[in-house]
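Encoded as structure tokens, here's the structure I'll be asking about.
Every chain is named by a letter (A, B and C) in the order it is written, and numbering of its residues begins at 1.
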Amino acid sequence: MWQFLHKMASPKYFYDISGKWIPWLGGLTVITLLAGLYYGLVKAPPDYQQGESYRIMFIHVPSAWMSMFIYVLMAMWSGINLIWNIKLADVMTVSSASLGASFTLLALVTGSLWGKPMWGAWWVWDARLTSELILLFLYLGYIALVSAIEDRRTAARAGGVLILVGVVNIPIIHYSVEWWNTLHQGPTVTKFDKPSIHLSMLIPLLIMAVSFKLYYLTVVLMRARTEVLDRERRSAWVRELFGAKPAS
Amino acid sequence: MLQAFNAMMKRDLLLAFRHRGELANPLLFFFMIVTLFPLGVSPEVVLLRKIAPGVIWIAALLAALFSLESLFRSDFEDGALEQMLLSPQPLSVLVLAKVLAHWLVSGLPMLLLAPLLGLLLAMPERAIAALELTLAIGTPLLSLIGAIGVALTVGLRRGGVLLTLLIMPLYIPVLIFATNAVTAAAAGMPIAGQIYFLASLLVLALTLAPLAIAAALRISVS
Amino acid sequence: MPSPKPTNTKPLLTVVDLECIRGDNLLFSGLNFSLYEGQLMQVEGANGSGKTSLLRILAGLSRSSEGQVLWDGEDILKQRAVYFAQVAYLGHTLGVKTDLSPLENLKIALALASIPFDEVAVFRALELTGLAGKEDVPARSLSAGQKQRVALARLLVCPAKLWIMDEPFTALDVSGVSLVRDLLENHLQRGNMAVLTSHQAVEVRGDVVRVNLSDG
């Protein structure tokens, strides 16, 4: 296992193997996405309270999960990079950031769209939406910092420190916002807390969650490949790769 | 180690003293932001009293960021920061000394000014007492968290706005608990829970922030 | 590349396969050399060839993109406290606080190096560097050359095995240049080491090795 990881961390090996994985991952993404959407939008019964509008959940909830998941992943990679100085780890962090921010934005927009029929307003200072908004700020701060620093390695390391500080803070922020929310609005049942969700709705939700994860993997590998090529453009293997092409 | 801590702190206090004219700036900033609210919103006492905790705390937050921005700048420019990084002493101890010295000349005066601002916004006395308590715990927290952002942006031109982007989200828990404690105190409710929470955040920041600041400085000054 | 001299048993400072990339530029790669006790290394190369970057990597301020710097056989990044106690770095920015006097500057330098304050030694260092009578004036009012002398006095009061100096002769007058040369020769004679870059052709007597970054 350790050897495999070590091999994986070599840019050339990563470039080769990820090139083989991407088509499969991409294919699986499309299949699960179609299945999830079909079961979610067509097969699942309408909600007895919310009618058809609840179906936006199939996008909203997986996006919200992804937004957190990616941030934690980025923190892990940053830790690996800062401790063991593994270049591939910072490639993955940098490549994940805009994806994470996009999922966060998607969760916010779908949450807002869902809010309109639910609360009659586009934006309500609901605890989860507010947390999600702060998470978006954290992502944007990271992106701003990384793009402000010229040297890539320095940028990735600085961003790594910020992400780690952020990941310590996220539970604290989350808890404070929850607490603030109950204080100002009273313990209302939010639309996201389903005491029990019917199986016919749960299955499409889980399929969608898997699909989003696959999508993330596909795209992050594609981005990381480009980043690796760009960083390694002076090395022999990249020259060979592109030097050989016009000849063939 | 303690010796280096003391020397560093003394040095920064001495430097601050030699530039004592600049010490008032963040305080004036703090004062002016608070003054804008009655002018911009309404001078009505009931409303002012209601928004006072939030107003004063947001102003304190901005003033803290504003004054922190220069925490490492002169040391960065004249190379003293490099010498700090190359000291055999643990860097986290040295930066803690710097943050503490900075708080003594910028955070502590805010504590002294705050009751006056409370009076301007018609806060009741017990709320002013709570405000002081939250500022006493909260402003060192702001300095510690903010210093991480300053360390990350120290080598950058136009780091100021970026600093705000990085640090503001991290200030939110402090803001929430501090303003809530003051509001609760004004209504005559107990505030021990909020204070304990802030105090535990301070302990956490005291242990972790110096390490993050040190790591960030090593990366920024490379 | 300078050939390692087998007079001493083991080199103290060893550079292994060092590569440095700044932004999009490859400054140098595959750099190898060793430095033994009593040796001085003169780093040469055109502008932008990475002299300052190399010195910063050697000082432990920057990271190389590849390779290692070893001190006594171990990576310097793994033994920062040990390494920093034996190294003094004098860069483009001198690290002299202009709002403090030379004396105050030396006091803080001593505290950072955890060396007890010895008034006699400090005043002797200030005198040797030609700052006698200027001990208590703010460094702001000193000339560029005098500020550099404050930094040199810092090297004298904080004994270090290895001096890393980036352009130590700039801004100095004739007496300043000979002062630095004397300091360096004295330093080397006592079995210490130095790495420096310089545009001026200053002959330092002693065991001088050269490395040229422009050669690639």
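Here, a contact is a pair of C-beta atoms (placed from the backbone, for glycine too) under 8 Å apart; a residue touches a chain by one contact, two chains touch by 3 or more.
Model, not experiment: these values are computed from the prediction.
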{"item": "Arrangement of touching chains [line / ring / star / complete / other]", "value": "complete"}
{"item": "Chain nearest the global centroid, as defined over all protein CA atoms shown", "value": "B"}
{"item": "Cα-centroid distance, chain A relative to chain C, in whole angstrom", "value": "47"}
{"item": "Between chain B and chain C, centroid-to-centroid distance (C-alpha), Å", "value": "37"}
{"item": "Whole-Å separation of chain centres (CA-atom averages), chain A against chain B", "value": "33"}
{"item": "Where chain A touches two or more other chains at once, by residue number", "value": "none"}
{"item": "Multi-chain contact residues (two or more partners), chain C", "value": "63"}
{"item": "In chain B, residues with contacts to at least two other chains", "value": "222"}
{"item": "Complex interface listing, chain A residues touching chain B", "value": "82, 134, 137-138, 140-141, 144-145, 148-149, 154, 157-158, 161-162, 164-166, 168-169, 172-173, 175-177, 179-180, 183"}
{"item": "Chain A - residues contacting chain C, complex", "value": "150-151, 153, 234"}
{"item": "Residue ranges of chain B touching chain A (in the complex, touch as defined)", "value": "148, 152-153, 155-156, 159, 162, 165-166, 168-170, 172-173, 176-177, 180, 201, 204, 208, 212, 215-216, 219-220, 222"}
{"item": "Interface residues, chain C side, partner chain B - complex", "value": "56, 59-63, 80-82, 84-85, 87, 89, 91-100, 104, 107-109, 111-114"}
{"item": "Residue ranges of chain B in contact with chain C within the complex", "value": "1, 3-4, 6-8, 11, 14-15, 18-19, 74, 77-80, 82-90, 94, 221-222"}
